[in-house]
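When the chains are written out, they are named A, B and C in that same order, and each has its own residue count from 1.
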Amino acid sequence: MRKHTRAALLCVAAGMATALTLTACAAGKGGGASSDAAAAPGKDDKLTLTVWSNYSDREYEEVTKALKTFNKKFPNIEIKHEGSQDDDKITAGIRSGNTPDVALSFTTDNIGQFCSSGAFQPLKAYIERDKVDLNQISPAVREYTEYKGNRCAMPMLTDVYAMYYNKDMMSAAGVTAPPKTLDELFEAAKKLTKKAPNGDIEVAGYLPTMGFYANRPTILAPSFGAEWEKDGKSALASSPGFTEMMTFQKKLVDFYGFDALERFRAGLGQEYSADHAFHQGKIAIMMDGEYRTAFLKAQAPQIKFGTAPFPTWKPADYGTAFTTGTIMGIPKGAKNPGAAWELIKHLSFDTDTIVDLSNAIKNVPSTKAAMESPKLEVDEQFKTFIDLAKSDKLKGNPVTPIGDAHIKAVTDFAVSYTSGKVPDLAAGLKEVDKNIDDQIAKSGK
Amino acid sequence: MTATLTKPPVDVTADPEQPARKRDVGGFLNWVATHAIGLALGLMFATPVVFVFLTAVMSDDQAFTADLWPREWHWENFVEVFDKAPLLQYLVNSLTYSLLATAGMLISSIPAAYALAKLQWRGRNLAFLLVIGAMMLPPQVVAVPLYDTWSSLGLTGTLWPLIVPYFLFDAFSIFLLRQFMLTIPQSYVDAARVDGCSEFQALVRIIVPMAKPGIAATALFCFLFTWNDYFGPLLYTGEVKDQWTLSLALATFKGMHIVQWNSSMAVTFLTMIPAVVLFVFAQKSFVKGITFTGVKG
Amino acid sequence: MTATLGARPAPGRGRARARHRLTVLGFMAPAIIGFVLFFGYPLVATVVFSFTKYDLINAPEFNGLDNYAYMFKDPLLTKAIANTLWFVVVLTIARTVFALGVASVIARLKSGVGLIRTLCYLPSLAPPVAATLVFFMVLRPNGGPVDNLLGVFGIDSPLWFSDPAWAKPGITAIMLWISGDLMIIILAAILDVPQEQYEAAELDGAGPIRRWWHVTLPTISPVLLFGIVNSVILALQLFTQAVVAGSAGSGAADATGSTKYLGFPDNSTLTFPVYLYTQGFRYFDMGYAAAMATVLFVISFAVTIVLVQRMRKNSTAEEGGPGA
């Protein structure tokens, strides 16, 4: 009897070992996890570079055009650009050895995973070999393309977030200048809000609901001087900025009344449609990225809007902003890492290419040279974002190995705190800290 | 489930008190009530689909706003989507995927369902439970080892990883077909056996014709599931545009910070047309199958 | 399962028995191969992963029961389990009853059957993401058609996908709206009930409701069992509709169902599979996701066994036939 059980156990163990070896094989396939730089291709080398991105339609065409400018340097390299590839797809491809030479990702949430797992190859050796001047890129953007000193990605274009305000509504409500502090923002929001006799909100001066539109804790954090971590630990509870963020949100929600605000918000249009509440004149002030300037002009020409840095808690912080953007990396197992690096370098630093692409899809360029370029189309509203991007006050995504788990944790907490479900703010934040730390500890990175 | 061979006469408690006249008047009212409910249901079900259509003909600025009736009718949206994406190529791929998968499913699942429904063998109950169990692993997790396997076979970038499994095992279809076959009285099969039919002949001559509505329904679901499958084709053919299916065309209309809702809905509407046509035809075969078995009863 | 007697060869007839076995094997062969490849292998892999730390890129590293231990300090997991249990109970009952009801009405229609049948089935033909989005627009408070309709009666529309209390009922409504597949299956089964059984019942003086209860229901019970098990599985695996409803609720809907904020509002749409996906593909912890999948599988498989056994007992008792 005993013998039988043991034999059965051994069988199971053998099965498990086989399965593990299988996956290990799949994972280990494809070369190029070494830290050495692969040689650049010769001027006339013939090869094909595959690029995966998540662009589609018009943006896809524009990015393809930008990729093709690489042929000025290497005329015989053919570039195959495959759009509509999300991060899940990139991960599946890398794991199984079915990889592109260059992968573009829309989100900076996953950079910690990409760098620490080796999904994207380390670029240090290339940067040192080619003596690339990283100072061309602003510090915040440099931060969100590396993890714990391991640079595994380069930025393509960036998004910068700032305040949008409806000029007509401001002057009608007697708000003469865009608010610069949180107190001014609160006062302006009160004046700009219109309520119907039955208490329904018709226009919200500023919509605070966390998780809705661009109201994400990462995007708001710089304006509150909120710090995500300290000594490698989640530090929300000990950061006065986060306490202030929650308090400010709650103050606003209480001003509207939670139920009234929810009813108002539930009727607002989708962020990625012409029905966006700002387009419809239903909110007067909001936080959003630079790309909104183009959409507003195309979809809501009747809205006269201005842009300015988002108000800050501490006056000294004024002029800060959140930045994120598209990142590029060489996936583990890429067939032509040397040539892939040349392409990435080209897209990261070739001023004309960056400026043309930036003009075409209305994102902020990622290098100082491109931002200074006279060819860059900068109108009054877009200028705010360029100025913010030029300053050294930008803040990037807090990079963790757990994707956006920490951002979700804070968003969830903000929602329950503003709805009045959390009696003790400090204790609540401590609990969020603990959850984030647990999650990071679980990842083992 | 059923004990069809020895099924006693259905236990109907008779109610002899009910006068016949009352039933006629009641019958008419019943007719009106049922048809009114039927019509209301039909309209309720159709409404959201009407909105798919209305959104498809809106301008980009109006689509997906609170304004639900098109201010202008942009019929050209249906034409423009063909310029934005090679829809005909996608159509061919979608048909390849759905038709082959459905054919494969029928070949593999009908015999298995028959064995589970009408043959007696040791381990059958366990096998049936395993079929159900096979549907209970979350597909998100199953995809991880399977993708790696297909990739090591060099078959990613094609539709084969999606089609081949249907030729072997589709738990949903086996389960559904088995349940339909259970509703066929065992006496028919036994009669066939007495006449000297082999099990295969009994299956082909007796069960398949009698289970036609069930088979048609199962085939329809298989076709429609694969037709609307989004994550499968995205995972396996995402990087090879030539292999894309119609369902993936939706990805064409989504950018980094923008969604073209009217084009998305136009493609959705166009994608639905072949499915609707198929359904209208398939439903005839339900009816035919039904009358066939009904008369024979 | 069934009490079929005819096919069992009498003992002692060895050759016939061997042939019978071969027949069964022949019929089941593709299924057995497919089962091993597309279910057995992923299942083993999932269980193995569940004892490892696996970031989807590097080879899994054995970490014992760590993943299972973490479940006890994961606040979101509790939420996800509660949400999925909600759907298993409510959605299973609602969907089966609703589909049976609609099918029964359609089965009684004399004219316009084809049209109404098609209309009812139409929504299930729509791609799931698009169907969910359109439904979202139809339910939209503040100007949506349902809101306007309720307004006529002076009722304030619920906030649906913005209100944690209404998001799950909203998703259930979507699922009912696209339950045309189950409706058609049940309809086919109802129409398949041999006419003479009704005639016999009618002779005994049974009215329509009695006939439905005593003839239709018992005869289609295998298909109803399918409906229930299928709905349970659907509820357990509810993913696309939850993700899309959540993203549309947070104002960030897109045409393919990707989202920034899973679980909106207040994690009320964070179903077990959504959270499993989040852990595996957003937080890159496939080991933990695999542990979740294993637990889900074990529990749901156990529930199914109980359900199937109980259904069998019930139907056997009702029909008065011998048990399996």
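The rule is simple: a contact is a pair of C-beta atoms (placed from the backbone, for glycine too) under 8 Å apart; a residue touches a chain by one contact, two chains touch by 3 or more.
Chain-to-protein mapping (UniProt): A = Sugar ABC transporter substrate-binding protein; B, C = Sugar ABC transporter permease.
Remember, it's a predicted structure, so these values are computed and weren't measured experimentally.
Closest chain to the protein centre (all Cα atoms averaged), using per-chain Cα means: C. Centroid distances built from C-alpha atoms place A farthest away from chain B. Centre to centre, using the average C-alpha position, chain A and chain C are separated by 36 Å. Averaging C-alpha coordinates per chain places the centre of chain B 14 Å away from that of chain C.
With centres taken as mean Cα positions, chain B sits 40 Å from chain A. Annotation for chain B: residues 64, 66, 144-145, 251, 253-254, 259-261 touch two or more other chains.
Across the assembly, chain C contributes 41, 45, 49, 56, 140, 142-143, 253-254, 281 as residues in contact with two or more other chains. Multi-chain contact residues of chain A (touching two or more other chains): 19, 22-23, 88, 95, 267, 269-270, 272.
Those residues of chain B whose C-beta lies close enough to touch chain C in the complex are 1-16, 18, 23, 30-31, 34-35, 37-39, 41-43, 45-49, 51-52, 55, 64, 66, 68, 107-109, 111-112, 114-121, 124-125, 127-142, 144-146, 149, 165, 167-172, 174-176, 179-180, 182-183, 186, 189-190, 193, 198-200, 203, 213-214, 216-217, 220-221, 224, 228, 230, 247, 250-251, 253-254, 259-261, 264-265, 268, 271-272, 275-276, 279-280, 283, 286-287, 290, 293-294, 297. Of all residues in chain C, only 41, 44-45, 47-49, 52-53, 55-60, 66, 70, 73-75, 140-143, 159-163, 248-254, 258, 260-267, 278, 281-285, 288 touch chain A in the complex they form.
Touching chain C in their complex are the following residues of chain A: 15-16, 19-20, 22-24, 27-28, 86-88, 91, 94-95, 109-110, 113, 117-119, 211-213, 216, 262-272, 332, 401-405, 408, 411-412, 415-416, 419, 435, 438-439, 442-445.
Residues 19, 22-23, 25-26, 29, 50, 52, 54-59, 82, 84-85, 88-89, 92-93, 95-98, 100, 106, 267, 269-270, 272-275, 280, 289, 291-292, 295, 299, 326, 361 of chain A are the ones that touch chain B when the two sit in their complex.
Residues 60-66, 84, 143-145, 147-148, 151-152, 156-157, 234-235, 238-241, 248, 251-261 of chain B touch chain A in their complex.
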